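These are the structures, in C-alpha cells.
Presented sequentially are two complexes of subunit A, the first with subunit B as partner and the second with subunit C.
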Partner chain A sequence: MSDHKTDNKPDKTAAGKAETTPPNTVTLTIDGREVTVPPNTNVLEAAQSIGIEISHFCYHPGLSIAACCRQCLVKVDKMPKLQPSCQLIASDGMVVHIADPDATLARQQMLEFTLLNHPVDCPICDKAGECTLQRFYFDHDNAPSRLDVAKVRKPKVVDLGPHIVLDAERCILCTRCIRVCDEVAGEHQLEMRYRSDREELGTAPGAVLDNPYSINTVDVCPVGALTAKDFRFTMRAWELMATPSVCNGCATGCNIEIHHKNERAWRLIPRHNPDVNQYWMCDEGRFTYRALRDNRLAGPVIDGLPASWDRALGVAADKLKAALDGDKSKLGVILSAQHSNEDNFVLSKLARDIWQLGKIYLGGKAPVPERADDKLRDADVNPNTAGVKAVARAAGYTLGDKSALERDLTGGTLSALLVLGNDIELSDEALTALAGLDALIVIASSEDRIARRTDVTLPCAMWAESHGTITNRQGRVQRMHAAFPPPGQAMPAWEIINRLGQACDVALGYTHPRTIFKELCGAVDAFKDAEWGKPVRPLQLRFAGSRG
Partner chain B sequence: MAELKTYVLGRKTIEDLEALDQSDIKDDLQEIPSELMTINMGPSHPAMHGTVRIVLTVDGERIVASDVQPGFLHRCFEKESEYATYTQIFPYTDRLNYVSPMINNVGYALAVEKLLDMDRDIPERAKYIRVIVSEISRITDHLTCIGASAMELGAFTVFFYYIKAREWLFDLLEELSGARLTYSYVRVGGVVNDLTDDFEAKLNQHLSGLETILGEVETLLNNNKIFRDRMEGVGPFSREKALAWGLTGPVARACGLDYDVRKDYPYLVYDRFDFDVPVGTTGDCFDRFLVRVEEMRQSIRILRQAFEQIPDGPVMIDDPRVALPDKQAAYNTIEAMIRHFKHIMDGIRVPPGEAYTFVEGGNGELGFFIVADGTGQPYKCYCRSPSFITLQTVPELIKGHLIADVVPIFGMINMIGGECDK
Partner chain C sequence: MASRQTKPVDEVPRIEVLDESDRNPGVRTVRVIRPEPQNASFFPATLKGLGVTLKHFTKNFFRSRPKGNTDIETLDYPAIPRSGEAFGDVRPDPETRPERFPDYYPDRFRGLHRLMKRDDGRVRCVACMCCPTVCPANCITIIPAETEDASVEKYPAVFEIDELRCVVCGLCVEACPCDAIRMDTGMHAPPVEERGQAIWTKDKMLETKPVHRKRDATSIATQGGVGPDWRDTE
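So, the complex of A and B:
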C-alpha cells in the first residue's frame, strides 16, 4: 500500500550514507532459487523477497523474534534438525528447503496442533475473513480433523482493559500481543500463564492492558483472541472497504486505512510506513473516526437557520464585499491546521494574493502537552500545522497565532472574519468580541465551538471525505484519499472557497484538488518533489485475501 | 451504405439475383418507382426472438441493408465475473443461454477444472451426469428454437407440442436442481448432488413421449407447403462463408460444415457414445430446421447410451481445494469450518494461469477463456458465445430477402439475447 502515499523523496543525507558504504549482501539458495539479501535478514524474510510465503504466527516484522509457534520450520542443509526460519539468519551459501516433504509435514503437523483445541467460532468471530489461521489452514493444510476427545475449554470473555477483550480459547499462544506491549508501548502488561494446552494469556500481576497503543495488540493478533471493544460485533471484516489515508489525530500523520461501508467509517487500521509509524498507531488516533459522524453540518446555515447554498454564498459574499470595500485591514482570515494543504492554499491565495489582506491567522486545536511521548503521539493535535506554515512562508507572510487573534478581536481591530475550520478555542472576551463582529463566516464541518455563533456557516467535508494532502511534523507531504462522500450538502472546503470567490467576483477556477496540488508544488518549496499519486479504488477486504 | 439495386420477386438467393441480366426482366416491381426507406424492427417485436433491434433499409419489401443492434440484454457477464468467486459465477452462466443453462454450467466448470489441473480426476459418474444434463438442455434449446419459429410462421400447434415436451424436461431438471431455468447445478469438481432416484425412469418416459412428438411435428411441418415455402431457399449460406464467418453449431452444420465439438474435440465422455452429426447441404432455413430436429434425435440416442454406461460412485471430486466439506463436519470441527468459510467467502483458490475450454452448446461452440491470478476470483473471464458470432451474419443473410423472411431467418439463427449480449 505504501505506493499510494505521496511522499517527499528520502532526504539526501540518508541516500549519501547508503552510497558510501559498499553494498554488503549474502546469497543463499531457497528451494533451488538463488536469493541475495542484505546481511542480518532472516530466512523467512529472504523467502518473502522472492514471493515464497512460509507460514508463521509468532513472527511479526515490527517485533522481536520469539520463534515459539514453530510454524515456519524449514529444512537447511548441514543442520541436523528443522529450523524456525524466522530465527535463522541467512548466511552465504546456505541451502534452504521449504517445500521439502519433512518440513512441509512438520508445518502441517504444527498447524494441526494449533487447530486442535481451537473453537468452532468462525461464524461469530470478529477476525473471520482476515484471520491468519484460516488463511494458513486453507493454503497449507486442508486436512480434516482427527480429534476424537473433547476440546480444552478456556474462558471466552476476559476483560483485559478499557479497550480489549480476550477470548482465551481462540488464542494460539503466539505472544505477539505481549511483545507489542513490551516493545511498542514499553509497558509490560500481558503475560502467559500455565503450560501446555492449558497455557493461557492474561494480564501481568497487578496490571491491566491499558496503554496508549493497546489496540495494536488486536491488529497483530493472528486470530480473533483479542478484539477491540470499539469494533467487536459491529461489522463483519470482509464486508468493509479499505481506503488508504493518513490519521488526522495529531501532527505525526500515521498512515492508516479507513475501513468503511455504507458511507460510514467503522474503524481505522495502521498502514505500514517505515518512516512514520512502522506498523502502529495510537488508540486515540483510532477513535478519530467517530468525529466523522458527530454533530456534522449537513447544510449551510444563516443566523442559525438552514439555508440553501445559493443564498448562503450570496449572503457571505455580500458581507465580504462590504468588508473589502470598507477598511480592508479590518477583515481577517483564519487558515486551519485541521484542513488539507489544498484547502489552505486556495484560501491563502484568495486572502493574500487576490484580496491582499494583512491579517491572516493560524487556527486549529490547542496543543495537548500531556499526550506527547517519544513514540508516535505528538502534543500538536492538528495534522497539518507544518503544511499551513509552509504555505504562508512561501506566500511571504507570517501567520498570526491564537494570542494575536484574541488581541485583535478584543482590541477591536477586526470587524469581519472568514474562518476555515471550527476548532479554534478562544478566551471568553474574544468570544464576546467575536459575537460583535460585522461579519463572521465559517467554513465548518461540525456544529461545535465557533460554528455556533456565526452569520453564515458553510458545511465542509472532513478528512475522510475529500482528496488532499497534509504535511506531518517531519515535513512529509502525505496523501489522503476520499473514502466516502460528505454528509448531506457538505462539500470539500477548497470547493466552498472556490465558490465563495466566484460569488465575490474572483475566478479561482479550481475543479479538482489535483490541480491545486500541482500549483502548490510549483509555488511552495516544501512541496517541490511531492507527487499527487495515482487514484485508489477502495479495496474490498473480502477479496483482498486474508491479510491476517 | 449499400448501393441501390432492384430485385426480383420469385428468386430466392442473392447469387441468383446478381447473375441475372436485369434488362431481360419485365417485372412489375421494376416499373414501380421506389425509394429507399428505413424501418425499425425490434427491440420488442412479436416476431423477433430475444430483444434485438434491426434497422432495415428497404426498397419496397426488399431488404437492401440492415443494421443489427444487440446489447439490450447486456449484463456485464465478463466484468461481473471478475468480481465474483469462481463458484459465484455459475449463476451468471445460467443466464447466458437461458434455454440450455446446463451446457453453460458445464463449459465454465471445465475451464476452471483445466486451470486447477483436475479435469482428469472428475468422478466418472459426474462426467456422465454432466453429459446427460447437457443433452437434455440441447433438446430443450432446439425445441424452443423450432417451436417458436414455427409459431411465428403460423404453425401454432407445433409450438404447443414442443413446449409441452420442453416443459417435461424442464420439470425433470427442476426436480434435479431446484430451479426451472437457472439451475446452477454443476460445480467445479463435479455436480452439486446425484441424480434423483426416479430420474432415469422419468427421463425414459419423457424421451419416448418426445419421440412421438417429433414424429407428429414431422408430419405437421416437413411437407407443409406454407412452412416449406417460407423456409426453403431462405437465407442460404455457403460452407465457405460459414467458415469465413466463424460459424459453428447447427447453423454451420446446415451449411455443410461437418464440425461438432463433441465429435472433433471430445470432452467429458462423448467419445464413448455412438451418435451421428447431421449435416445440411444448402444452408437455408429448412436445412437448419432439419439439422436441429435430427440433433434432438441424436441427443436422445446419447441419453439412452449414457444411462446404459453410467457407473455408480461419487458425483463430486474428493479434493479439499474445491469440494465443500459436509455440513456435519463444518458445524462440528474447526478444520471443516475454516474450509467452508474460505470456500464461500474467498472462493476456491485457482493457481495462476490461463485456460480455454469449449463445448458444443445449443447454438455452437461455447467457449470460456479464464485468466487466473491465484486468488478466488478470475482475473478475466471471456465467453465465446455462439449467438454473438452467428448474429454477425444476419445482415448478410437477410440482404435481398423480403421483410417477412427476416422472421424465419432470425428464428432459425436462434439468437439468444442473454448469450449474445453477455
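So, the complex of A and C:
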C-alpha cells in the first residue's frame, strides 16, 4: 500500500477520463465490481463512489477515523476477520464483499446491539426524519427488540453549554461530536465516561461545550442525542424545505442550506464545499437567520409614515433630481457590503456611469477583530466587501470608507445621500449631520439604525429572499438562491434601484438579477469566470432521505 | 337519430351567414336553419313518464310508513332510531332514546376529535407532528413547547383542529404513536356562526368525553421510559 502513497489529491478532471487510468490510482473489487480510486481512499468511500452505501455511524468524511461503531464491517478475501471498511485503506487487487451473508449478518447484529439501550422515543426526538439510526434500522434490521430486561437509563435533557442539550440515552457512542470539538473547533470539551453499556457522553472536567463551532456536533450526531436549543422542538425535519445559499454572517461565505417553511427560515445548515468551509460553519453564522424576521420593513416609509411605492419613489426621485440639478458634488451614494454584487453593481452604474457622481462610499458593519480565528470566522462581518470593492475598482473609482463619510457629513460637504443598506454604525456627530441633510433616501431591510432618520425609506429583500451572488474573502463568487419571498411589499434592492432610476428618467431596464450578473461578468475582471448556475427548486426534506 | 345519416343532405341543419366581421377574421353572425320536424309528437312519451311519477307518488302517499312497503328510505333522524331490519317498527321513545349517540351508528364511527390524558391529567400528546404531517386537509395546528419534566420533554402548547376543514378521514388517529388523539366522541361538527368557532382548541378536546358506552376514557398504551436509572438501583 505504501508503494502507492502519493500526496496527489483526487483530480476531478482526471477522474472524468475513464480510459486513461493515471498511474497513481488503486483498483479493487467491491461486490464483483471493479472500482478505481485514488490511493489512501478507504473502502467505505470507494464503495460510495460506485453508489453502494455501507452503513456507518462513527465515520464522517470531515473527521478522523475512529472505527468504534463497528457498523461498517465488510468481508475481505484473504483476511481472517471482518474488517471495518472506514478504517481499511483500499489497495490494489483487494476483493471486498459487502453483501456477503457473514458481513450482512454482522452489521445487522451490530445494529441490534447499538439499539439495545436506545430509548426509541422517535416521536419526541428532534432527529426523527433525518436520523441515521432510523434509516439503517429500516434498511438492516427492522425487527422488534429482543431485550427482556429493563433498558439502561441515562440522564436526559443535560445542559452541555449555551447552545446544546444532550440526551445521553439516545447516544450511540460514536464519538463524532468529540472529534468535531477536537479537530474542527480545536478545543477538547467533550468526553466519554463510564464503561460498557453505561458509557455516556459528557463535558470534559471543568469544560463547557461553548466553542464557536459547537452546533456542528448536532449536525454530525447520527441520532438525536445532541440537539440545538435554538432549533429544538420548533419544527420536524421532514416539514422543512431546503434551499442552497451562502452564509451572510461574515466574509468567509460558508456554503449553507436555508431550511425554511411558511416563508420563514428556521435553521441554517452547512453545505459541503471543500474549498470554503468543508462540512462546517460557526454558531454565530447559524443564528443570522433571526435577522431575516426581526424588525423587517414591509412597506415604503416617507418621513416616518407608511406610503405607497409610487409615492415613495416619486418623492425620492424629486429629491434626487433636485440634488442632481444643484451642486452634484454634494450628492453622495453609499454602496453596501451587506448586499449582493448585483445590487451594488446596479447602484454603482447609476451613480457613477450615469450620474457621474464623485462621492461614493462603502457601507457595512464595523469589523469585529475578536471574532476572527484561523478557521472559518472572519473579522469582517460583511459578506460582500470583496465584491463591492471589485465593482468599484472596475468602474475606476475608490470607495470612501466610514471615516471619509463621517468627515464629509460633519464637514457639510454632503447635502443629499442615497444609501443602500442600513448597517452603518456612524458616530453621534455624523448621525446628527445625517438628520440635517436635505435628502436622505435609504434602501433598507429593517427599521433600525439609520432607517429611522430618513426622508424616504424603501424596503428591500434580504439575502435569503433574493437571487444574487456575493464574493467572499478568497474572491470566490458564490451564488445565493431566494428561499422565500420578502415580507409585505419589500422587493429586491436591484429592482428598487431600477425603479428609482426610472423615476429619475434613467432607463436601466433590468428585469432579472441574471441579466445584471451577465453584464457584471463582462464589466468586472474579478467576475470573468463566475457562473450564475442553474435555478434550484427547494428540496423538500421529507423526500431527501436521511442526512445523519 | 341513427337514421339521420341516410336522409338527404338538405334536411340536416345548415347555416346562413348574415354578417362577417372585418376586424376579427372568422367571426360571423349566422342563422341556423333547421329542417322541419318530421315526427314532432312527443306527447306519448311524456305522458308515459308522468305515469311513472304518478304511480310512485300514489304508492308513497297512500301507503306510507309504518306500514312499510314504500320506496322512501329516509329516516326521521333523530326522532326515529333505526332498530333491527324493519324501518318502521320503532316509534320515538323519549325514555329509551339514546341521548347523543344513536345506536344505528357503527362502533367505529368517526366523530369529532378528542385528546387523551395521562394518568396525572396532563395531555398525552407529545407534539410529534405526525398527525399534521399525515392530515390530508391540513386542519391540525400544533405548536410544540418544552416542559420542565424530563420524562415528558415535549408537549403541545397549542393544539387546534379546524373542524370545518377536517375531512373526518381518521388518519390522525392512525398516525398517532401515543394514542393521544381519538375520534370516538360520536359528535358531528356543530353548526357555527363564525369560522373561528369551528376551531377546536386543546382544552376543548381534552374535556370532550367518549360517548360510546363500551369505550374507556383511559388509554392502555404505556408512555414514557421504563425502569429506573442504573444509578438509582445501585
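What we mean here is this: the second predicted complex is superposed on the first by the 525 of 548 C-alpha atoms of A that agree within 3 Å, B and C clash if a C-alpha of one lies under 4 Å from a C-alpha of the other, contacts with A are read in each partner's own complex, and residues count from 1 in each chain.
As a working rule, contacts are C-beta pairs under 8 Å (C-beta built on N, C-alpha and C of every residue); 3 or more make two chains touch, one makes a residue touch a chain.
All values reported here derive from a predicted model rather than from experimental measurement.
A.B. asks: So in the superposed three-chain picture, is A:W238 touching just subunit B, just subunit C, both, or none of them (first/second/both/neither)?
C.D. replies: Touch status of A:W238: both partners.
A.B. asks: With the two structures laid over each other on chain A, which partner does A:L133 touch: subunit B (first), subunit C (second), both, or neither?
C.D. replies: After superposition on chain A, A:L133 lies in contact with subunit B alone.
A.B. asks: Does the superposition put A:P119 against subunit B (first), subunit C (second), both, or neither?
C.D. replies: In the superposition, A:P119 contacts both subunit B and subunit C.
A.B. asks: On the A-aligned overlay, A:S145 touches which partner chain: subunit B = first, subunit C = second, or both, or neither?
C.D. replies: First partner only.
A.B. asks: Identify the overlap between the subunit B-contacting and the subunit C-contacting residues of subunit A.
C.D. replies: 119, 121-123, 128, 238.
A.B. asks: Going by the contact rule set out above, which residues of subunit A touch subunit C in the complex?
C.D. replies: Residues of subunit A touching subunit C: 119, 121-124, 128, 150-157, 169, 198, 232-234, 236, 238-239.
A.B. asks: State the interface residues of subunit A toward subunit B in the complex, per the touch definition above.
C.D. replies: The touching residues are 115, 118-123, 128-129, 133-135, 137-139, 141-145, 147, 238, 542-543, 545-546.
A.B. asks: Subunit A touches which residues of subunit C in the complex?
C.D. replies: Its residues touching subunit A are 126-130, 133, 144-146, 150-151, 153-154, 177-178, 225-230.
A.B. asks: Name, in rising order, each residue of subunit B that touches subunit A in their complex.
C.D. replies: Going by the criterion above, the answer is residues 83, 320-321, 325, 329, 331-339, 341-342, 345-346, 349, 375-377.
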